[in-house]
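Both complexes shown next keep chain A, but they swap its partner, so chain B is in the first and chain C is in the second.
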Partner chain A sequence: MKHSFAIKPFVACLFVLMLLLCSCGNHAGSGKHKKIAVIVSTLNNPWFVVLAQTAAAQAQALGYETKIFDSQNNTSVEADNFENAISAGYNAILFNPTDADGSVSNVQEAKSAGIPVFCMDREVNSVDAATSQILSDSYSGCVAIGKYFVEKMNKRGKYVEILGLVGDNNTWNRSKGFHSVVDFFPGLTMVAQQSADFDRNKAMEVMESILQAHPDINGVFCGNDAMASGAYQALVAAGKANDVKVFGFDGAQDVIESIQAKKILATGMQFPKVIAKTAAMYADEYFKGKRDFPKKMPVEVELVTQENVNDYTGYGKKE
Partner chain B sequence: MQATTTTKDYKQQLAKLQPLIALFVLCAIISLLSDKFLTVTNVWNVMRQISVNICISTGMTLVVLMAGIDLSVGSILALGGAITAGLLKNGVEFSSFNLYMGFTILGACLAGILVGSVLGWFNGWTITRFKVPPFVATLAMLTIARGLTMLWTKGFPITGLERNFSYLGTGWFLGIPLPVWISGVVVIAAILVTNKTKIGRYIYAIGGNENAARLSGININRVKIAVYTIAGALAAVGGLIVTSRLDAAQPNAGVGYELDSIAAVVIGGTSLSGGRGTILGTVLGAVIIGVLNNGLVLLNVSPFWQQVVKGLVILAAVIIDKANNKGE
Partner chain C sequence: MGKSVLKYAIAAIVFILVAYKSVYFKKLDEVKAEQSAKTFDAAKYAENFWTKKLTPGLHNAVDIDTLIPMLSSNPRQAFDKYSHALGIGNLRYFLIQGKGNVKAIGEDDITLSITRLPDQKIKIATLFIFGNAVRDASGMVNINDFNNTMDFNNVSAEINKIIRVKVLPVVKQLKVGDDVTFTSAIELNKAHLNLSQIEAIPVAVQTIH
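Let's turn to the complex of A and B:
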């Protein structure tokens, strides 16, 4: 009697386990039910929310089961996400890395498990780990903004640069692109260069303080659109919104509206939706047998100004 | 005997003045280096900027005086601001009842503060009911409230709020910016509570020695829940100011604010082990941080160095504080 009591639950467990294994086996075996994981660096920023949701929606529209994994800007959380995605039997990963170097080993792990990885927006520093990298060309985008900046400032005046997180690659790519043009014009003096961590409120506070030291500035270039909105708000409060030209970068919904309302002068439109859709389509083609993908596929950043703003909407072109 | 007590008294007096002396030294240095620092507009500018931190840090001081900690203030600030902004912009719709509720500015603000209070109450409840350490309970709330903010905003900033709402953050009343009024009222109320009321004495007693306080008949749990609720409400008030000043509620607003707030409390001379400290000290601490932030930007110090300098100032303040309280 004692024995049967101990054995019954054990047998039951074994049976359930077998059932589970069978269903898993079936799942992986059927070619039609392929699954695509979307692993994104953060969902704490609307730009990446758009990127992740578009990638998932496109993959779903192509008939795949999808799930979004949030790495919370943390490379070790990202490693967990990769392990979970691999062990849960996902067949491809649409990937937005947290760190160009730190993420390489995660991509390598997926590759050795036979799972193709398609990088979106940010790159990983490895030539062959990812199947393809679809990248936003921030440097060239900021070169274009720099040219427009010089034109609108009439090649002279004092300006301020508000940087993003100083530990972030994108911050310096954007800054270098901008300065590669603007620094050739001796009439343009940068009176302050400060960081506001890509944050709207910090940008407002930094701008308020800068306006105290330099009430006579003519322009401000911000490393993203949230900071451009914050800087503009500080200018409004100081009654200088009409005297200072504001330039942003990203193509966020509220800045597109601000450009339409002639508040902000220009922004660089990145195309998270285009990047995400391309990545999902590449994964689909991979399943259908295609293997010769471009290792790097740059997606151009477009200059949005008050003249052409009506062609655009938040995070993309009007369709 | 007499001599030792007077030196101890003298030392205690000096310790209370310390943040003030540090502030004067800091102001003197910055105004020597920049003639733009001590101008009327810049002083208002700094006051307006620190009003948010003062609101949060006042609540944090009450918590720390009880030897607690509240890491969730930044997330609660974001949620409070987002709730208010969302209600102002979209109202609430109960489609199953075919009912739509619009919100006035006052109603939306109260709703934001109410949500902050409820989350603060929840902090206090988990800490007292389940004996969860405050560090862990509020750390959990830090992610819960951030997640709720994401759910409410769907990850996007809520912008284009009613024009009159911006008065709260950018308006003036009797020659003083409105955010400064708000933080001033909060500070005065907190000073009255800590110095003149029973609950104020209970807060110090709990921080001094929790067991002794319990044995003397104080309902410790009720005091704790009340204080965490207040801290949550004040964080939401900070959220209203931020949202109004920016004319936008950001889902990632207030990230890291708990650290600025704890720094203000510590620089102000409040002991992290509880029982010792003042609201006024915290205000000075917040002013020091605000002046430092402002001065470093005015002088266009490299962003890399700014973080180092801020850390060193916090460290110096605590070391001096420790040296002065060796006797206790």
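Let's turn to the complex of A and C:
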């Protein structure tokens, strides 16, 4: 009797375990219980909040469990996020990197664990680490801004450039696109070029200090809209908002409103929702067996000016 | 005493060995040469692209006499058949060719009327030679062949330099009334198609005598 009581719970446990294993296998096959991690460079900037939330919402709409990880613009926090996502059993990562070079090892780690990584907006400097990289065509967007800048400045004047994070390729693609045009006009002189890390408050401080040294500037080009808003705020405080033309990049809601109110002249409309949805759809297609993804998929940037601003809303076109 | 001397001697030898193996010297010239070998040479790539790929295939550019009527009657077909673009979006690029007559010479461009479509005007840029129009209109440069987008974009900047050196001097010789043949890259927005303000980046321009 004792003998039979000892065996029965063991057999029952084995049976339950087998049932669980079978059940897990079935769910993996249907793709319904897979999990997608969204690892984003920062949630301290509304543009990246839209990017992360849209990616998560699209993945959920496709039937996946999701979680957003904030890397706080810090590559080591990002590394922790990758470790956590890998150990928690996430099956794909929709990734917005903090650093083009510094983030490569994190992507490689996920790849080694068999987890596909789809980069969003920002690039990592590796052709084979990520499964696909869906990137804003920042260079072309800033060529368009550069041309508009030259026209609006009447080909002459002093200007300032406020850069984003120096480790991010987008920072330099934007700067290079802008300078590929503006540097051909000898009447336009850049009197200061400083980084404000894509941050509104830092840009305000940077602009305040530049204005002390160069009170006679005519234009400011900022590598994103948060910095354009910060720079504009500093110009308002210095009583120079009407004398200095401000140009941003992103297509953030408050800057679209500022262009409508004729405070900021122009921005480059990136499409974070298009980027995020494409990344989530790529992950879904990956689970369904697709493997031949384009290594890089550029997403076009459109110039938003006071002439065409009514076609746009924050982070995209009006429906 | 003897043992401690031996101990210090061994420690000193180990220290010297570790220090020797930890530091090495290399000529700065060699390091710089290694770095430049790894650096992508956009100017060289652009020159090869221009001479070996783009200019030998210019006769394949779509004739503007064919393109403009098709863009008016069936824009979707025109975009599908003749345009190129890299990724997701409404901006598409065409490599066009045709014949025209110089109507006006401006500060930044030259206005041509198209010989067989006299109501159609295009502006050939003489100042704003920027962006990716030529690279992308050709459909012959693939972003996935490049390690990073900066290298890819530097190719455009170098192609534009070639245009300034090889093509613009010819364009700037033109006078009002000249008949010309041209091959150019143009950018059109398929969601907001505007055929009245076509701006073209010149790739080849010749006066018809």
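In the analysis below, the second predicted complex is superposed on the first by the 250 of 319 C-alpha atoms of A that agree within 3 Å, B and C clash if a C-alpha of one lies under 4 Å from a C-alpha of the other, contacts with A are read in each partner's own complex, and residues count from 1 in each chain.
Following the convention adopted for this analysis, a residue touches a chain if its C-beta (ideal position, glycine included) is under 8 Å from a C-beta of that chain, and two chains touch if they have at least 3 such contacts.
In this text the structure is predicted, and so the values were computed from the model without any measurement.
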Counting only touches as set out at the top, which of chain B and chain C does A:D137 meet: first, second, both, neither? second
A:T54 in the overlay: touching chain B, chain C, both, or neither? Say first, second, both or neither. neither
Contacts for A:E208 in the overlay, against chain B (first) and chain C (second): which applies, first, second, both or neither? first
Return first, second, both or neither, reflecting whether A:N125 touches chain B, chain C, both chains, or no partner chain. second
Of the partners chain B and chain C, which touch A:A100 in the superposed model: first, second, both, neither? second
Output check: A:A192 vs chain B and chain C. Expected answer is one of first, second, both, neither. What do you get? first
Okay, in this complex, where on chain B does chain A touch? 34, 36-37, 39, 41-42, 45, 48-49, 146, 150, 154-157, 159-160, 170, 242, 245-248, 250-253, 255, 293-294, 297-300, 303-304, 306
Contacts from chain A onto chain C in the complex sit at residues 100, 123, 125-127, 135, 137-140, 143-144, 146-147, 169, 172-173, 176-177, 180-181, 184, 271, 274, 278, 294-300, 302
Of chain A, residues touching chain B in the complex: 43-46, 49, 163, 166, 191-195, 199-201, 204-206, 208-210, 212-213, 226, 229-230, 233, 237, 253-254, 257
The residues of chain C that touch chain A in their complex are 85-91, 128, 130-132, 143-144, 147-150, 153-154, 156-157, 160
